[in-house]
Every structure is written in structure tokens, then in C-alpha cells.
Amino acid sequence: MQIHDTPTLKAEARNLNFYYGEVKALKSINMPIYDKKVTALIGPSGCGKSTYLRSFNRMHDLYPGNRYEGEIRFYPDNTNLLSPEVDPIEVRMRLGMVFQKPNPFPKTIYENVAYGLRVRGENNSRVLDDKVEQALRGAAIWDEVKDRLQEMAPNLSGGQQQRLCIARALATDPELLLFDEPTSALDPIATGAIEELVHELKKRVTILIVTHNMQQAARVSDYTAYMYLGELIEFGKTDEIFIKPQDKRTEDYITGRMG
Amino acid sequence: MQIHDTPTLKAEARNLNFYYGEVKALKSINMPIYDKKVTALIGPSGCGKSTYLRSFNRMHDLYPGNRYEGEIRFYPDNTNLLSPEVDPIEVRMRLGMVFQKPNPFPKTIYENVAYGLRVRGENNSRVLDDKVEQALRGAAIWDEVKDRLQEMAPNLSGGQQQRLCIARALATDPELLLFDEPTSALDPIATGAIEELVHELKKRVTILIVTHNMQQAARVSDYTAYMYLGELIEFGKTDEIFIKPQDKRTEDYITGRMG
Amino acid sequence: MKPLTTEQIRAVIAKGKFRDNLFKAIGVFCLAFALLVIVALIADMLLKGAERFTLDFFLNFASRRATQAGILSAWVGSLLVMLVTALAAVPLGVAAGLYLEEYAKRNWITNIIEINVTNLAAVPSIVYGLLALGIFVYMFGFGQSILSAGLTLALLILPIIIVATREAIRAIPAMIREGSMAVGATRWQTCHYHIIPYAMPGILTGVIIGLARAIGETAPIITIGALTFIAFLPPVPFSEIDGGGSAGLFDWVMSPFTVMPIQIFNWTSRPDPAFEVNAAAAGFVLMVMVLSMNAVAIYLRYKMRKNIKW
Amino acid sequence: AQSAQAQVIKVDGSSTVYPITEAVAEEFQKAKKNAIKVTVGISGTGGGFKKFCRDETDFSNASRPITKSEMELCKAAGVEYIEMPVAFDALTVVINPKNAFLKQATVAEMKTLWEPAAQGKIMKWNQVNPAWPDAPVKLFGAGADSGTFEYFTEAMVGKAKSSRGDYTASEDDNVLVQGVSRDVNAIGYFGYAYYAENTAKLKALAIVNPKTGKAVEPSAANVENGTYAPLSRPIFIYVKAKSLQKPEVREFIEFYMKNAAALIKEVKYVPLPAAAYTGNLEHVKKNKIGTVFGGVNEIGITIEELMKREAKM
Amino acid sequence: MSANNASDLPGVSDRLAYNAMRNWKERLIETVLLAAAAISVLTTLGIVYVLVSESFHFFQNVSIIDFLTDTQWTPLFDDAHFGIMVLISGTLVSSGVALLLAIPMGTIIAIYLSEFANPKVREVAKPILELLGGIPTIVFGYFALLVVTPILQFFLPSLPGFSLLSAGLVMGIMIVPYIASLSEDAMRAVPMSMREGAFAMGSTKLYTAVHVVVPAAISGLAASYILGISRAVGETMILAVAAGMQPNLTWNPMEPAATITSYIVQVALGDLPHGSIGYQTIFAAGLTLLLITLVFNILGQWLRAKYREAY
């Protein structure tokens, strides 16, 4: 176990710049991500939260014209996720991601969760069954769907879909989970369930979560990063950020939004 | 002017039931809407908020199989908006609506705002110019777009689009404005602007607004209605509902979500 | 402008509704007119050709005597040519569409391919005939075979399938793709598990429009020189051949052939008016072939679509 | 694949000769119980010769003799052939059956009507012959790509392919039949078979034979006795000498010559005298290679002349 | 990309390095797919090669100036003229007639089906309409000649038995389903929210359709029009049968005329010796046709790009 105040690093952005073609969307970001902690990213719309998050699993590689500069060090192996020698597919295999809008595949619930394993070449149905159950339990949705694993996933309610997407990400035992505003499309009850889940999950994995909702950030995260116009303005323990932000801009944003 | 505690009625649902084919989505709703006040509709996802809102301007008539029972009385003329003898087009001309996702028409900014007037047969460009400016000012977007009125509306940012949609609705001087989660797609800053606007608007029009966000409901509304599973559970002044809800379910919902 | 009075509003609405109704009438008229033309054409062929609808008509070869002439070699030929066309055009078209939507990087090569595909969709069919004559018949030495015709028509409908595939793929939300890639799938795995299955209904529409066009196409097949009297069928795989030995699995693709529209064309240009009856009957049979192809596709599309939503 | 193709006899070429060869092929396959397969294509005489000279077909149907350039092509590819006239076609000038004023026409009148100089000028019947009414002329004729067109212009206007252009042309003679049958003032020309099958809708115009001065209607008898001139023309098949080594090709050619007369009548062409067919077979036996026309088409050859010439080979 | 201060650190861990096997397979698949896409380029090259190489011989004998400016088209006559304008006029006039019918009618049907008709009507009408696309065009040709022409002659007694008008109208009917079906798809793809916005403003169905749905679907409509135009320009058999095949330089649809395609199919079936000038004209004509469709296409692409930019 870690001693509470000196957490180990799971990842670290070093001098990270990112360009959408000509547009510089991230500006010299330096930021640690601590192992088995929840780090929240907050900031006004368009400040680069999603862009930053999607740099970790090289999502930007899917589109032409995007360019990284700097490094994202990943531990314990201490390699740079952005290095050209690193295979983005291997990166994505070690990271999980949950999107703003639940995006289940139009397949059965079972196949949605098993997908990541199948992609890895796992076809043994015993193993798959086990892993699927485990992931669905981990995402706190097992009881709701255990009798209808062969139903189509898009027939689930929004909140269920989002938990299914989390299960899909969990099934492959990721080391770092990326959440991009996972609750913004959900109603308060579903939101509560997912916040609960994040709380559970951090016992096992490291989590990086983008949110617009200050309360949510305050409730679920251990660390908070405030971004503004592509820059990281402030990073620190959530309590400290919310109670006595160092930067005027952070303070304005937080207080302006708290209600 | 009204004396503060005895507002006049603008509309009133009486024993309203609504069916999507076989599915009964609204169950005996009885609820007043007060003139020049903001009424917020809250409740968990799927409880019928949108359904209720869309009954006012007969949006459900667009799809086959939908059926209304009961009345929505509209004042001062005391007509039943749902009566088969009432022309839905006429109803829609008196009401304005802003949707969850901004849906500007694929036309210029100017034409978007002028649309409602053209529909009403207005083609005098002097009149149109005036009204468009007025509506854009009313929606607090005039300064941002006054130099680019001939640009295509879909090129605006999300928050701007939503305010444009509000301007579009304002241009025809509706008596009642319906907002269906107008800020859920927006970031906190754009949200703030729109909340401000609602505050402004209620000097002139009556507003009915659906929201998932308790803080928002608390901030902008005079009255709040809590719906659950198609029923109206509680209706009252916003202060009272948020401070001492009468119904256990309302209380659970509000407190559970207030954080 | 003062707010409109109720009367004014009602007048505006009345005017709008009048226009609605007027348009509705025009729309119904146009639709009815188009449908009437089809129904009339089909009914006309049915009535004119009625006396030929006997089993013999389907089982006889062409003949100089109208009453004995049948469409055996023509319908078999049409089916086989369509088989070759589909086998060539569908994989190629889907692969090309997949490449352009999912793989292609924006560079000049893809730009050329893109412009190309849209242009090809507009090239008149007869020009394909000229191409096929030079390339398939002579350069590749396929002669006037089922293979030549099938490939010619495949090229003809390839752009239609590519365009349909691309449109179908474009309709798949990016978040599905991202969802798949995010768990570590490769591009091909994403295509294989998601893109292709979800695009299938749309692809099918393209295939059907394409094949319906191909099956009725005359000009390019005439140009490759397939306007021919044929009174035999292509060899069935492994069947005995009169000269001894047995046919290979793919011998039929090199066989001479005829197809329905050619047979119809041939009959309409006969001196003896009795052949008009044959032409009408064959035209009706062709319609039934197109219709059943459509029906199969519409059914498949419906079944697939039911399961796909996002 | 070789064995599957071995038994196919390939014929291609003119659409005019097509009905005859098709009829022969049909009967031949029946007689052989489908053991030998015959395909008969329509690529036009030129298209047929192109394939023939590329060594792709065994027979070529031709509505005109082989041309010089085609002879060279064949020579270059080492393709040798035997020429066989198989029938006569009577180009028929037709008018609408309701047409009351036209009983006959002379070659000179036809020339006035059809020559290039007439284009845009001769638009009324009375401009051709003052005895005819002041009514518009509606012209229908074969497409300029066809042997029929070439022959008709040479026979009537005096120079091959020399024609006015403002007439309705069609490759599909039924289209012309439709055109003429629907317009009282129409006149058109095409092969005899299309007239013979549509005598209810059309009337054949008697053409004055320039040698005898008598107006002659097209009919089998008049073609045979040589009086329907100059619009009678022979049509041919060419067989590749090398193919004759194949027994099935020999069988086919024998079958063709033996049954031609009956089948040709059935498809409304004019058969040659029996001696012509035996003569053709004789040529096959003696392997008499080449053409008697030297690469040029000739007008107004009668059956007799033709046979004399063939015999001299 | 970064590799700034990586020297002091270990290299890429095995767990993140490229998987050679997987990479190889992906490359192979990509290459195969690229090859499939390249077929379309090869097809075009093939078409251009065939047409240009034959036309090359043709233009050695006929000057390009004559080809473009002569007002007569009699390549097979003794007095040969090679004025392609004659065939182009026939092609453009017949296509013009067809499109004047097909575009409005197709669009009206599409609007009607997508915005007004009951879904059941739509589900039945569309496949039937699509049948029109499968009818062999020769059948349409005789329909034009035997049915449409007499009907038109009843109203227009001066109409000749063969005319661009009746061929063009029937061609228009044939193209209607393409335009209607594809436009309807495009209009139905317009999100319902757009329509709701319009209806909520109190507009009527027609007003919504014309002012909101059509502009939103304009790129799809344009695509269907381009396809329709190309089909019209490239249509063969209807014109060969019903338009009269007279090489007639006219812009009057009430006259008979020949078109590029009908000329090509006529010669392809005829008795001309191959390799002769007369025969080579079909390649020059084909090349012209290709260029015409290319022009339409580039124009259409440009228009589409221009409109699409707007969203």
C-alpha cells in the first residue's frame, strides 16, 4: 500500500503540446497522474480537456493532421506513450476510455463486453463468460442485465448503457481509465450510480475524468486540474483547489459555477 | 402590475393524459402556469417532462399514433389548446419553443431569425430588419453576430446557436416560451448567459423550462413542478419546493441530487 | 409591425394550408402518374405476352418460329452474368468504399480516386461497352463470354456500390469507431466487427439498385458483341461433355451466352410481328426477376436494420 | 476448358444474313441432338469480318462482299476463306398503303428524291414528279452504317454512300416499318423480309427496271428471274478454310447448303437456284479460296451472272 | 513528435512496442483495399486509353476545327462531314427535355413521399418506383414510339413521328425514380429536430419542406440530379428507337435528331469495316460524350462543395 501522502506516479505529461493542424489546442502541459487516484479535469468549454484526455490513448491518431509534441510518460515501464515507436494499439489495449455519450455497439450486451477480449484473440467461451460477468459486476450493472445478456445493448436505458460502456472498458483490465464527461447525458439518478462506481473503481485503477460539473469534481476526485485556453492553470489536491485555489482564474471559475 | 402573491394564470393543464400509442406517458396532470413567471419542470429521466412540454404546442401531432385526453386551457382567451377544433399551427404561432439541442435552420443567421415572420407573411425588409435586430438583442447575441448576419447559422458555436434559436423564438413575440433542457449541451459559461437571459425574458413572457439541473431550477424559476413516472407529484413556489418539499419522493430527488 | 390579430393569423394559415393541399394534389398526381406508367408498361407486357406464359417458354431455346421460341438460354445467362457481376462488384465496391472512408489519408492519390469514382458513375454505359471490347474481349482474351459480360457490368455498377457503401459508412457515428479503437482494436478489426456489418443495409440498397440496372442493360453487352443466337446452356460444373471428359468447375464463365435484354432486343427487331409477343413476355419475366431481387434485398435490409440503432 | 469449347461452331456478322444462318443453326442442332453447338452473332458485316480475320470465328455472315482492307487484314493474319453466296435480298421501297398516287417509280425519280442535293430542297412530292401531289415527303431509310444503305445509294443515286441526310434512319427496321405505316406521305426502304412480314401495314413500290423499262414489284419470283433490278443483291457467308478441317464444320456447311432453299423461303428471303448450293459445296471440296468481287461491291448482279462468276473461280 | 530527452530513459517497453505480426497483417489488408479502390482509376485509364487511341487515328484524318465547327454530321456518307455539334445538340436537347420533366417531377415526388405521404404509402411506392430503373430501355423506346408519340401528336399535330420531345419525355420518366428515390433518402436523413424547429414556429408542411428540409438536403439532391443528368446524357436505346436518328443540328425538341449514344450503338452494330474512318468516329464521339459528362460532373462537384461548405 501507498503511504497516503506520497502517491506513486502512473503517468506524467511533460511539456505536452498538441496541434489540430494549425490550431494549438494544448500548450506545454506538465502534469502528474497518480496511481489509483481519481484526477478530475475541469475548465470552460473548449479549453482542451477532451483533447488532453484523448492524447493518452492516442485517439488523435485516428484523424489526419493532428500532431503531438512533448511526452506522456507511462509508468511503471516509463515509456513515452506518444513516441513514434510506440504502437497506439498497444497503448489503447492498456488504457480504457468511456465517452460523453454512451456508445454501445449495436450488438448484444454480452458481445459488447466481450469485444475487447475478442479483439485480443480470446475466443474461449468459458474465459469470456467469466470475464464478462466480472466486468459487468465491476460496473455495477450485473444484477440488472444478468438475465438478458443476449439482448441488444442499445435497448438499455441511457444510464445502463453508460455503465455497460464502463464494463466494456473494465473487461480488459486497463491500467488507466479515461472518462470524458461520462454523466453529462444522464439524469441525476444514473449520474449518482456512476459516481459511486468511480469511487469503487479507484481501489483498482487509476482514473482521469473530465467534468463540467464542479460538484461532481469535488465529490469524486482526489486531484483536480483546472485548464484554461489550452493551458494547465492549476493542479492540486481537490480539497485544496476547491478551498483555496492559488490562481485567480481558477477561483473565478469555481466560485462562479458553484451555485 | 401584478401583486406579487396572486399571479394571473397564463395556462392550465386540466386532467391531462397523453398516450404514445398504447403507452400512457402523462397521467392526469393538473397544473397552473402563471403569467410572466418561470416555471421549472424537474424529475428523473423518462418521467414525461418533454412529453408534457411538447403537448403545449401540439408537437405530438406531427407523429402518428399519439393521443391527448383532457385540456390545456390558455388565457386570456380561455381556449383549449388540445381541442380538435383548434388549429395546431395557430397554437404554435402563439407559443415559442427552444429545444435541447440547438437546431438552427441551414440558412443565414438573418433568415433564421426572420423565419417566423416570413411564415406569418411578413416580407417588408424594413420591418424584418427591425424585428431581427430586436430579437437578437433580446437573446443577448446581437453584438456577436451583428457583422455577420449573412453567414450560415450552423457555423456558429453551440452556445451561440442556442441563443440564435432563442432569438428565433422571440422574434414572433410568443406569449409562452417552452424550453426543453436548453443548456444541457452547453458549457457553464454559455449556460450562465442563457440563465441570465431567462431572467431578463420573464419580464415580458411566460416561460416553462425543463431541466435536469437542480441548481438551475433553483436559480432561474419562480415555480417548480416535480414529475415522476408521468405524474405531477408536487407543484409550488421554487423556494418552498426546494426548502421544504411536501412529498417524500420530491425530497429524495432534490436532496439526493443537491450533493 | 403590430402583433397579428387572430383573423390575420387565420388568413395566413388558410393560405398556407391551401398551398399544402395544392402541393399534396400535385404530389399525388406526379406519384400516381409515375406509378401508372410502370403499371401500364408492366400490364401491357403481361397482356401482350400472356399467350406465351407456358412452361415451354421458360424451357425452350430461341427459335426462328415465334411460338416455339423460349428464353431458357436468356434467363440462365442473365442469372449467371448477374452472379459474376455481383461476385466481382460487391467485394470490390465494398473494399473500395471501405478504403476511401476508413483508411485513405487525405492526399492526392485519394483525391484522384474520389473524383474518379464520381465521374465513373456518370460515364454512359455504352462507353463501358467500348472499354470492355478492348480490354476484356481482346486484351485479356475472354472473348464474348459470361466472364466478359459480368465484368463489364461489374465495372458499370462499381461506382454505384462504392457510393452507396461510402454513404452507409458515413452514417455510422464516429463514436462507434472510437469506441472500438479505444479498447485496442485495429482498423481492420473495427471494420470487420463494426463498420461492415452496420453498413450492410445501406450497401444492400446500392447492390440492388446496381444489379437492377445491370440486369436491364443492353448497350454495353451488345457492344462487346454478345447479340447472339445461342441454343445451349453453359456447361454445368462436372457434367459430362459430349466430346468426352467432364466440365471444370468454372468452365461456364468462359461460355458464350445471351441475356434477357439482348433476347428482347433481338425479338423487337425481327421482321415477324409475332415476336413482339415474345418480347413482351420476356420483358415481363425480366420485371419479375428485378422485382424479386428487390424484394429479397428489401427484406434483408429490413431484417438487418431492425438490429442496428445508435 | 478446351474440351468444352471444341464443339462450338462460331458464326458472326451481318444482321441481314442472321435470320438465315440462325434458322440453319437451329435445325442443325436439332438434327444433331445438340451434340454440336452453333452460335450466331450479330456484329454487322464489318464487325463480323473483324473477328473472322482475327481468327475468332468459323463463319462470317456478310451482306456485301469482303472489302479490300478486310482482305488485307485476313491475309495478314493468315486467314483464308471460301466465299459462298447463299441468298438474294430484295431491297424494298415501301410506302404507306393509303398512298393513292404512287404506283411506280423510276431510278431517276428515286435519285431526285434521295441524292445529297435534295437535302433541304426536295420536300414535296410534286418537286420529284409534277404529277404527284403537293404534299410533304417523309423519308425513312437504313442507317448509314449498313450494307443496305451502301447498296441502295449506289443503285439509286449512282454512288455508294451518297445520300441526303435529312431522313429518319434506323438500324432497327421495325422502327422504319412503324414510321412508314403511320404516315401517308412516307416512303422508305429496307430488306424484303420486313416488308413481307408486314404487308398489311405497308405497300411495296414497283421500281422501273432501267434495262427493260418495265415497273417490277419485289417478289421472290421477280428476284429469281432477274427482273427486279437493280435492288436485288446477293448475300454471303464466308467460311474459314482452316475450320473446314474440323468435321463438325464440314457437316454444318453441308447441312447449310442442303437445307438452305427451304429455310430461306421460310425467313422471307429469296433462295438461289439449287445449282448455286451444289456449286458452293463443290468449292468447299476443291478448297477454292478467295472472293470473286476483288474487294468491290457491284450493283445489279443477277443470279445468273453471279453463278457464272462463281463457276469461273 | 517527441523524443526530446529520452536518452536517459529505457527504450520503449515490450508492452508498448509494435506487434510485427499484427502490423504486417494490417498493412496487407490496407494494400488489398487500396488495390480495390485503384480499380476505379484503372477503369478510367482504360476508358481514356481506348477512346483516345482510336480517336487519335480519327483526328489524324479529320481536323479538330472541322470536328467542332462543322454543322453537318455525315461521316458515313460519300460527302463526309464530321460536325459533332450535330450530335451534341441532339444529346443536349433530349437530355434537356428529360431533365425538365424528371427533376421537378422527381423532386416533387421525393418531397411528397418524405414530407407528406403516409409511411405505408412510401414503403410500397418506393420499391415499385425503383422498378422503373430495371425496365430495359428498349421497352421504353417502343413505349415512346408507339404510345407517347401518338398521344403527343393528338395535342401537337405538327409533331413528326420521331422526335426528341417524345424520346426525351420517356427518358425523363425513366429517370424520375432515380431522382425521387435518392432525393427522398437525402431528405429523410434530415434530422427530425430540424423539422420540429420549423413546425414549432408555426410553419406549414410545404413551407417547412421548401425552406428547411430541401436546403438541408441540398447536397443529396444535387447528387441525385447529377446522376440523373448523366443517365440522360448517356441513355441510348430510347433515342435510337424513338428520336429518329437524323443527324440534324437543331435546338428544337419537336424535330427528330441523332444523339451521340444512338450514333455509337448504330455503328457498333453496322456493316462498316473496322478500322475505317467511319468506324473510328464512334470513339471520337464517345470521347466527346465522356468529356461532356466530365464537365457536368466537375460542375456538380463544385456546386456541391460550395453548398456543403455552408453547413
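Each chain gets a letter, A, B, C, D and E, in the order it is written, and its residues are counted from 1.
Definition applied: a contact is a pair of C-beta atoms (placed from the backbone, for glycine too) under 8 Å apart; a residue touches a chain by one contact, two chains touch by 3 or more.
These numbers come from a predicted model, not from an experiment.
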Neighbours of chain C that also touch chain B are A, E
Most widely separated chain from chain B, with each centre as the mean of CA atoms: D
Counting only C-beta pairs in contact, which pair of chains has the most of them? C-E
Where the centres are mean C-alpha positions, what is the separation of chain C from chain D, in Å? 38
Between chain B and chain E, tell me the centre distance in angstrom, where each centre is the average of that chain's C-alpha atoms. 47
Averaging C-alpha coordinates per chain, one finds the centres of chain B and chain D separated by a number of Å equal to 83
Compute the distance, rounded to whole Å, between the mean C-alpha positions of chain C and chain E. 15
Can you list the chain B residues in contact with two or more other chains? 89-90, 93, 119-120
Indicate the residues of chain E shared as contacts by at least two other chains. 22, 202-204, 207, 265, 268-269
Show the residues in chain D shared as contacts by 2 or more other chains, in ascending order. 15, 42-43, 47, 171-172
Each pair of chains that touch: what are they? A-B, A-C, A-E, B-C, B-E, C-D, C-E, D-E
For the chain E and chain C complex, residues of the former touching the latter: 22, 25-26, 29-30, 32-34, 36-41, 43-44, 46-47, 49-51, 105, 108-109, 111-113, 116-117, 125, 127-140, 142-143, 173, 176-177, 180-181, 189, 202-207, 226-227, 229-230, 233-237, 261, 264-265, 268-269, 282-283, 286, 289-290, 293-294, 296-297, 301
In the complex with chain D, residue positions of chain E that touch it: 72-79, 145-146, 160-162, 240-241, 244-248, 256, 258, 265-276, 278-279
Where on chain A does chain B make contact in their complex? 44-46, 157-159, 184, 186-190, 192, 212, 215, 218-219, 253, 256-257, 259
Can you list the residues on chain C that touch chain B in the complex? 1, 3-4, 6, 9-10, 12-13, 15-17
In the complex formed with chain D, which residues of chain C make contact? 61-64, 143-144, 225-232, 235, 241-245, 247-248, 251, 254-256, 266, 268-273
